[in-house]
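For clarity, chains are labelled A, B, C and D in written order, and residue numbers in each chain start from 1.
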Amino acid sequence: METTKDIRAAELGEFMARCRTSPRPESHLIAILHKAQSLYGYLSNAVMDEVSEAMNIPAAHIWGVATFYHYFNLKPKGKHTIAVCLGTACYVKGAEEVLEAIKEELKIGMGETTQDGLFTLQEARCLGACGLAPVVMIDEKIYGGLTPKKAVDILKAYRKQR
Amino acid sequence: MVSPLDIVKKKRAEAISRIIGKGYLAPKRVYVGMATCEIAAGSKDVMEVFEKAVRQGLAGVYLSQKGCAGRCNLEPTVEVVEEGRIPVKYGKVTAEMAQQIVERHLKKGETIKDWVIK
Amino acid sequence: MGNMIKIHINGKPYRVEPGQTIMQAADKLGFHIPRLCYHPKLSIEGACRVCIVEVEGMRNYVASCAYPVSDGMKVRTNTKELRQARRDIIELILDNHPLDCHTCDRDSNCELQRLASSMGIKKRHFEGERKQYDMDISSPSVIRDPNKCILCGRCVRICSEVQKVYNLGHAYRGFKTVVMPAYNMPMAESVCTACGQCINVCPTAAFVEKNVTQELFTKLNDPSVIKVAQVAPSVRAAIGEAFGLAPGAALEQEMTAALKRLGFDYVFDTQFSADLTIMEEASEFLERIQGKGRLPMITSCSSAWMKCLEQFYPDLIENVSTCKSPMSMMGAMVKTYFADRIKKDPAKILSVAVMCCTAKKYEAQRPELMVNGMNATDMVVTTREIAWMIKSAGIDLLHIKPERFDEPLGLSSGAGTIFGATGGVMEAAIRTAYELYTGETLLDIEVEDLRGLKGIKEGKVVMDNKEIRVAVAHGLGNACDLLDIVRKDPARYHFIEIMGCPGGCVGGGGQPYAGINSIPLDEDCLKKRAEALYNLDRNKTIRRSHENPDIQRIYKEFLGRPLSATAHKLLHTHYKAKGPRGITPQVAIGMKG
Amino acid sequence: MAVRYQITLCDGPTCMHKRSKEIDAALERELASRGLSGKVDISLSGCLGMCAKGPIMIVNPGYTIYGGVSENDIPEIVEKHLVRKQPVSRLIIEEDHLYNRFFRVFGDVNFFGRQMRIALRNCGIIDPENLDDYLSVRGYEALAKVLSAMKPEDVIAEVKSSGLRGRGGAGFPTGLKWELTAREESEEKYVICNADEGDPGAFMDRSTIEGDPFSVLEGMIVGGYAVGAHKGIIYIRAEYPLAVKRLEKAIEASRNEGFLGTNILDSGFSFDIEIRLGAGAFVCGEETALIHSIEGHRGMPRPRPPYPSVQGLFDKPTLINNVETWANIPVIILDGAAWFSSIGTEKSKGTKVFAIAGKIKNTGLVEVPMGTTLRQIIFDIGGGIPNGKKFKAVQTGGPSGGCLPEAYLDTKIDYESLAQAGSIMGSGGMIVIDEDSCMVSIARFFLEFTQNESCGKCTPCREGTKRMLEILTRITEGKGAEGDIEKLERLGNMIKKASLCGLGQSAPNPVLSTIRHFRDEYEEHIKERKCRAHFCARLVRYEITDKCAGCAACRKVCPAGAISGIVKNRHEIDQAKCIKCGLCYKTCKFGAINKV
């Protein structure tokens, strides 16, 4: 465990070192946070402190940026991330009912993670698959033409996989 | 002095010969839509079918990916351009359908009319 | 003047200078456009939208604080529609603001309240969900109440742009935006230096000092303790403002009398311990220029600055004078020398400091400043708190019979007085150091180069052919700039004065709020407060610390000589680096938005 | 005739001027006289972009293009081509640049026939990951032309006279923007491509980049040359990984082939492009917020002036255009401003890409000449409303736009006409709404989006949209009160005029436009507690009809015990107890429960 942590820290450190050689190192903050999140799955205070020291950017600024953008998670996420598209096309075609069914099935709200750590529920803006509306993206896979029942069935299938 | 325009014209000629070198002049060209929307609709599986067919020796076919043409509700789309025939575009293609397209259209020359976008 | 352009305001033509904003031009012409997030010392935010005006040809209103004037521009500042829009905006702010004006610290001195009243808001139309957050009362100095925050961002800007501490920032977004330190950590654990400038610029009570007035009232009524007060120089130069006087009134003896009436048994003058500080500091400096210790030497009076140093410039800790601040020296003397003299148990003495400063509340708690296991200063109240107590107790400060400070810690030289203004400590130190070094009295004692509100001031003194280069910075942002110079060029200066607040202590985080006709940290106001102190100095016959007879006496009777073992034990201290968030404030990035 | 011919007549403005209507009539007459009526499909198409050679007629299958057709030619065409299947060679024109290759290749007439593809000209044609493909369709020729023979001011003049306006929404004249940036004196300037497409339901930029990243790059390089910048940045949503990947590949390939980097095509001009990712903030589509985001800040807008052309990225002069705008540039350079400005309307030139979605048969991406009507897009290209439902409204411009009812279907697509009708062009989202949708809920949906995306900086947007949303929510829940509509209007108008940035200034549009066009629906919700679309769950009344078989399934499933009845008899719902959960409605197998 410790070694993976070190490897990640080293990778983030290298990335930041590269950013520091560019003409405006601080402007790469968002890219650095993307990198950190891809390594750690979320942005912990400790990681943000690391970025703060390495890049000489105030922690309050990093915190402000991390909390501003939807893309950044400040808490660890579940094994699977469910992104329910609430774009217009999906909305018109019943995304809200699908969302409600998912919430009820998982007993969690938006942005939360199930107790067993299996699912995190998120809202997505248009996923660009409007022709298939309503759609839900689980991890990288898109499920289209959903009904509340279909959505719940898919979740059950994921549970079984485990 | 060589002008940028001359350079580009030369580069285009080279590009076209490279494309031709990759088999563009084959009797049949197959284009599979591979934008996010198409992939979401399942075009990766479709592409795999064609790739596999080509790997397994399907001759006379030039296979290429393309971007989204905007036919969202009919995705994934597959286009077959054939020498001497009106090109066709298939809509809502699944892996199974792709296999049929390989067998019936690409191998036997039959346009599967029911699947063609009119 | 040839470059003037013509603009119309409310139908009348005016000639104005180009290159300014509509608001600036309007101000000069006597049109006061209402405003909230604007502050002349800070960058333009354009966020509150209270200062909107109509510009002919523009589809939407423009923020007059941000929009430049141009030739032929036609501006309207007071149409019916505009008044309605502004009123709606203030209403929207009120609808997301606690309805507890009558129990609020800023009641009757709140910019939001004043704006609401000036717009004639009588009814609430859009009430709905209101923000609800926990108050952060972790800090001994600064209380943060996000519920009262209207997100004007002045605190964020002063914290980053002027103070360069970068503790406060906007977090989250939209309706959920909150101003907070990184990770929403408690102020006490954050990099907050407790300077209190956020309090000064806050239009509401989103930032206030930790108020201890009730506790103090209780203790003042306890007959078993001896109540001792000390008062910082800048308090007397500003307290009048809290009673409606214009800035610049010095109410030294009135204030002393009022404190007595509040129940203090002894009222001492922090200016006395300022003189003491000079004795120690000047001596320490002379040792350093003779090779004992690192140069440049940097002053250590300002508690916000000390926290800033420990966090951001740990490498310069050795450069800082080991002298305690005048407040802590006074506290130490009260609990030792004074307790001895009145033959009382020092544990029975309540040592209260009346300060222009919020950071002193934090300093008073620092364990390394304890004396014989006791707090040197038991309580700190700000100018604002003491002014409120005086009013609350029904004491008429303006018509009270003046009284003098008590002996033996009440007599001060003019050098101690000017501690309150930026450059004052340096000036006072030069007055004494010169004489200690050369054996000659410095005659030209007013060092104009070191006075005034320039961010970084430099000066030179020649002592026996030795050129001493000095520098002065006020406000932590300027301090950081100066220290970055020092990091690059350590030999550039011999002696540096740093004060954490703009203008020095006169601009402290505990000073009276700006009134109806003034703005927080107004330069003019700061200058007048400083001038009040310089006048007090000029009117004194004793203007050099070492000439103060009571200072001479305390050395003779108790301390021995400057830098003696006793002096070291009671008047000196040490600092240590604070981690782990040791980011230098001279950061790569500003805090936009 | 074994083959069923499809004839497309261009009735773009120029062709129409050249009597295309008369040709149409002549064709009908000729076919009738030969008894061929109904055996040949005739359709009119939007401008095909060959105006100089008009009137244009295209005969499919075979894709024969006739140019300069006159009424007198009709008998010959019918006789030779349609009857004897021998195209009339003297009328055939060679056209290198037909702006709808789908139509040419596939004849998908209904969908593609009325389109004209300029920005999307290569999307779906080339392999977006292969520079050779791009080169084969005259890729980078515009850049070469600029570098060979045009001075920066010539390029700007060309873009100016093309009449191109910003495709991101506001429609600022692109050439003027270029000129303003070019005239600033600075060693360091930037060119930015705004690809932070965030409107829900809009995916024009994603498709453009995924289908043809090269055109965007080429546009930017030309822009950089024109304004004197050497650095370009593409700011793109992190949610578009494929688009990012394709851009990265395109940049690398272009760099390797000398189209990017130092000394491009040996011309001495250097320019490079870098990609910066967004992180999920709709407001970053606003240019000053976008700049702050690239700089590593929170994406908060700031007051303008100074405009980015004077003080933009890193406080340097900066030219920002969106994806579609950039993709138009190579075509303008290659085919000339005169040609480009012949397309469209008086004030809106060229084409516009729309993402049509919602209750429409052919959801998809379309590019039409400016001046096409909403009706043509929705019914001719989009195929109308599915399932026999009635059209109710069309929403354009996404969360910043408005809803237009049926009466506005003949509104032309151009910046001014849409604005006049109470909506906006926007970046190109177009959502079709049918009778099953409640307009109050639609307005609420959009406002909820903008409210959630408000950056929180300025008071009107941060606080005002929240209150508007609360009022709308109240109305959809049947708790609306007299005066609520007026409050919405009062707040909405104030927010529009007083907000700091475009997001706030346009946030009330969906609400104000639905109030304007569907006020009666609001009033019904408030006064009659009724939602005519049966969409607002709290306002629906469930009633059991005669169809009830008395199976008791509804009674058993009702969580509130609101249904009573004897088995095999018609049941009843106690409206006082009903919690409007709709379970009975979903359970009933006999369709005996109605929403009222």
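Convention: a contact is a pair of C-beta atoms (placed from the backbone, for glycine too) under 8 Å apart; a residue touches a chain by one contact, two chains touch by 3 or more.
Predicted model, so just to flag it, every value in this text is computed and none were measured.
Closest to the middle of the protein, by Cα centroid, lies chain A. Chain centres computed from CA atoms place B at the largest separation from chain C. Inter-chain centre distance (chain C to chain D, centres taken as mean C-alpha positions): 56 Å.
Mean C-alpha positions place chain B and chain C at a centre distance of 73 Å. Averaging C-alpha coordinates per chain places the centre of chain B 27 Å away from that of chain D.
If each chain is reduced to the centroid of its CA atoms, chain A and chain C end up 44 Å from each other.
In chain B, the residues touching two or more other chains are 36-37, 72-74.
For chain A, the set of residues that touch two or more other chains comprises 26, 29, 57, 61, 64, 68, 127-128, 130-131. Residue positions 203, 206-207, 240, 281, 295-299, 357, 363-364, 455 of chain D are each in touch with at least two other chains.
The full set of touching chain pairs reads A-B, A-C, A-D, B-D, C-D. Note for the complex: chain D touches chain C at residues 281, 292, 295-303, 305, 451-460, 462-464, 466-467, 470, 487, 490-491, 494, 496-500, 505.
Residues 127-132, 135, 142, 144 of chain A are the ones that touch chain B when the two sit in their complex. The part of chain B that touches chain A in the complex is made up of residues 36-37, 40-41, 72-75.
Listing the residues of chain A that touch chain C in their complex gives 25-26, 29, 45, 48-49, 52-53, 55-64, 67-68. Against chain D, the residues of chain A that register as touching in their complex are 24, 26-31, 33-34, 57, 61, 64-65, 68-72, 86-89, 91-92, 124-128, 130-131, 133.
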